[in-house]
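Note that the chains are named A, B and C in the order they appear, and that numbering of residues resets to 1 at the start of each chain.
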Amino acid sequence: MRPRIAIFSLTSCEGCSLAILELEDQLLSILDAVEIVNFREGMTERSWDIDIGFVDGAVSTPEDKREVEHFRECCTKLVAIGACACLGGLNTLKNYQDEDEYRAYVYGDCAKYFPTTPAQPISAVVNVDHELPGCPMVKEEFLKFVTFALAGRTFKLPEDPVCVECKKKGILCLYEKGIICLGPITRGGCNAICPSYGAKCEGCRGIVAEDALKAAGVNLREQYDVDLADVLADVRMFGAYQEKTLP
Amino acid sequence: MPLIERTSMYRGDSLYEPRPAEITAVEKLTADENLYTIRLDGGGPLGHDPGQFVQVSLVGIGECPISICSSPTRLEHFQLCIRRAGEVTEHIHRLDAGDTVGIRGPLGHGFQVHELHGKDVLIVAGGLGIAPVRSLIQYILDERSRFGAFHLLYGARSPAEMLFQTDVIRWRENKDVNFHTTVDRPDEQWRGHTGVVTTLFQELPKLDPHETMAIIVGPPVMFKFVVLEVLGRRIPQKNVYCSLERRMKCGVGKCGHCQANNVYVCLEGPVFRYGELKALREAIG
Amino acid sequence: MLDRVLSRKRLLELVDELAHARRIVGPVKQNDHYFYEPVDRADRLDLDFSYCVYGPKAFLLPPTQTLFRFKQHAGTFETTPEHNDEPLGIIGVHPCDVNAIRLLDHAFANTHPDEHYLTRRRQTFIVGIDCPGPCTEGVFCGDMHGNEATTGFDVMCYPLSRDDTGGDVRYGVVFGTDAGREFILYAQAGDPPSVEDERAFERYQIEKQAAFPQQIPYGVDTLPDLLERSYDSLLWQATARRCYSCGSCNLSCPTCYCFNMFDEQELALGTGERKREWDGCQLRSFAEVAGGHNFREAPASRLRHRIYRKAKWVKEREGIAGCVGCARCDRACTAKISSVEIYNQLAEER
């Protein structure tokens, strides 16, 4: 039997769901192999029975929270996709601002009709089986996840940092140009896409290991005379929630 | 162009290609361990030494090293005792008789049985450590006249976790082997010893230290305590053998994963003399 | 002793001829750095390159390489090994990288010959270019004897003189293999060395000796013993607290050859490939087994393992140095952990 798959979006740019559509070549084979039962449908149908539910977006409103709790009930496996769903992502920026201010900014006079809550990764609200981080999610990783699921294999995220992929691609390290890059502390699997284009890694796939973060603290201070907190604040975009929860 | 080209379409074999082999029987040993009887496609013996291992493949999933737990004297098939521990072993546990696995090997350096011929043998096994030495036990029992006294001490966590129960019953009754068992956590039916495997040393008669070869296979914590007992009985370090476990990938001394200090366990091991290991800081504990 | 002398111009012509039969790879400048890149014409090569950011290892041991393809059917499976025998010419290999390739050759040929590597290697033609002096700051190839290659190349070119008008370089050439001899002689390229050429070569050698400053004052021959005594040094921990376990040092090292193996299945299942990919002993999970036990849990134990391999174990096992002193590891380390600094710190502890 083909596994029943659904894709949901919470507060996000939906770039991650789009990334799936960008799989063009493989999309047809995926559609052959699985049954897509729900792609951002309404919440009316109650008898959902879903094997794998992919969710993008952060939990940012009370409505998001209700939705994600509902997804959790319907799906055997719940998979967070993209930096927003895995880490809170872009949305967590608001956690660092005054609530009334950002609400007035976003919603203008209508602010009072749009209740929001501090942005959270979905794992803060419900139990998540797997995470496919990245901004946007890495589409090849999604494909791998589906292939693994079909083969009955357990998908595991890469445990090596982005630097490994830079080396395999033979890219000049940004540090050689005097740029501080978060690659050494960020989970790889993105094929070092940012450094490939000469842009520093901003950590959108989350921190690879706590000891790396600790090393970064020591190292940036002692070797580069830079404060890790400043470097992280600079890229708060992705890691904000995670940063707060780390020791 | 006057260049001598050496472009003969060379295609050598691959070191990494597994041979298909059929699982002819699966026996459930414990909750997490199964015994697989395997026959190479086209038949024929594996040609291994006791203590060697094979890389078991499920194409599409991966490969993992598993000790051969049957004696080379049993020619028509070989056996593997596999604990469910992770990805590949989990998938192996989903297979049945008639299914196919890939086999690469035999690999590594096993027990050199000729060194044991004519000697008394003491085998001490803990937990899954019984798997690699079962090959040797079967060999000794099959070729019993080549050996002197044969002592076998086996410790498991609980009676339910004791492997090779049918063998255990037979070994208990077999006059050819002085066999004793112990468990850490006994149940009501248990009538053997209780406690760690070293408690079984009280069952041993006076050993002839220079004629005895000692073989110790089990988890690292056990290893240290058993070595103390064995050396305490004046068995020379060069006559003490053990088997090491490391992460493995290639199994042929290339990939570097199995290194313990400067030793490639997949190549020089997994069976080592204790004397060789002493200098290896990473080897024990 | 030289076998031939040859102008740069003539060498490049020969390379162009070689390009009819082989894929050509060599140093190419990108912004301020050099990389080994495939080229279609010899004049794209920059043989005056200082050093390449990475060695040419990726062309012999690719970062990811298919070992065999598999196909499952009727309850069993079939495999087809994959060997790449495309003829390759690597032009402009400095002695450090020649020596590194020698180590790979040995490691993949010994005990169990690895045809995936060896097939490529047999099809590879190597033109070495010697270094008259250190290519950049921080290299310690002079200490490690990595800056002198006596075998491992097909031809080695020593830049004996250059005319300053931006024109040609005159190379003294040494043949390393029959194929190298044929490469030059069948084309009747260059001239037999004259007495002046031989004397120029002698001067070159002497000046080269002086040009490489000693970076390890205690002498590299003391390193194996030094390390033997430094197993429990606090320096490992003190240094490794900065280590990211990022593996950049491993993966940019021309002598590192450890790898991981994994399977890749197609979505339709049933077919796929078993591959290998570069791996490194500094990475966290390198020595981890099922159930989570890690035989090298602490970053310090991984740092020690790498350094021991480089300066002691590889040499002891393979008889060929495990480090050629190119300092790529040191440059790649964003934590500024330097192997040569570690050697010197350990020596000072004694």
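Here, a residue touches a chain if its C-beta (ideal position, glycine included) is under 8 Å from a C-beta of that chain, and two chains touch if they have at least 3 such contacts.
Small disclaimer: the values here were computed from a predicted structure and weren't measured.
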Category of the chain touch graph - line, ring, star, complete, other: complete
Most central chain, Cα average position: C
Inter-centroid spacing, subunit B versus subunit A (mean Cα positions, whole Å): 44
Subunit A and subunit C, separation of their C-alpha mean positions in angstrom: 38
Rounded Å distance between subunit B and subunit C, as computed from the means of their C-alpha atoms: 38
Residue list for subunit C, restricted to those that touch at least two other chains: 265, 269
Numbers and ranges of subunit B residues touching at least 2 other chains: 60-61
Sequence positions of subunit A contacting 2 or more other chains: 151
Footprint of subunit A on subunit C - complex, ascending: 30-31, 33, 35, 53-54, 58, 63-64, 241-248, 251-252, 265-269, 277-278, 280, 283-285, 299, 331-332, 334-336
Subunit B residues touching subunit A - in the complex, by the definition given at the top: 60-61, 87, 91, 94
Residues of subunit B defined as touching subunit C within the complex: 1-7, 9-18, 20, 41, 59-63, 85-86, 89, 98-100, 102, 245-247, 249-250, 252-257, 259-262, 267, 281-282
Touch list for subunit A against partner subunit C, complex: 26, 29-30, 32-33, 143, 146-147, 150-151, 159-161, 163-164, 166-170, 172-173, 175-176, 181, 183-185, 209, 211-212, 214-216, 218-219, 222-223
Footprint of subunit B on subunit C - complex, ascending: 17-18, 20-21, 67-68, 70, 72, 75-77, 79, 81, 83, 85, 87, 107-108, 110-116, 118-119, 122-123, 178-179, 182-183, 186-187, 231, 257-263, 265, 269-270, 272, 274, 276, 279, 281, 286-291, 295-296, 305, 308, 312-313, 316-317
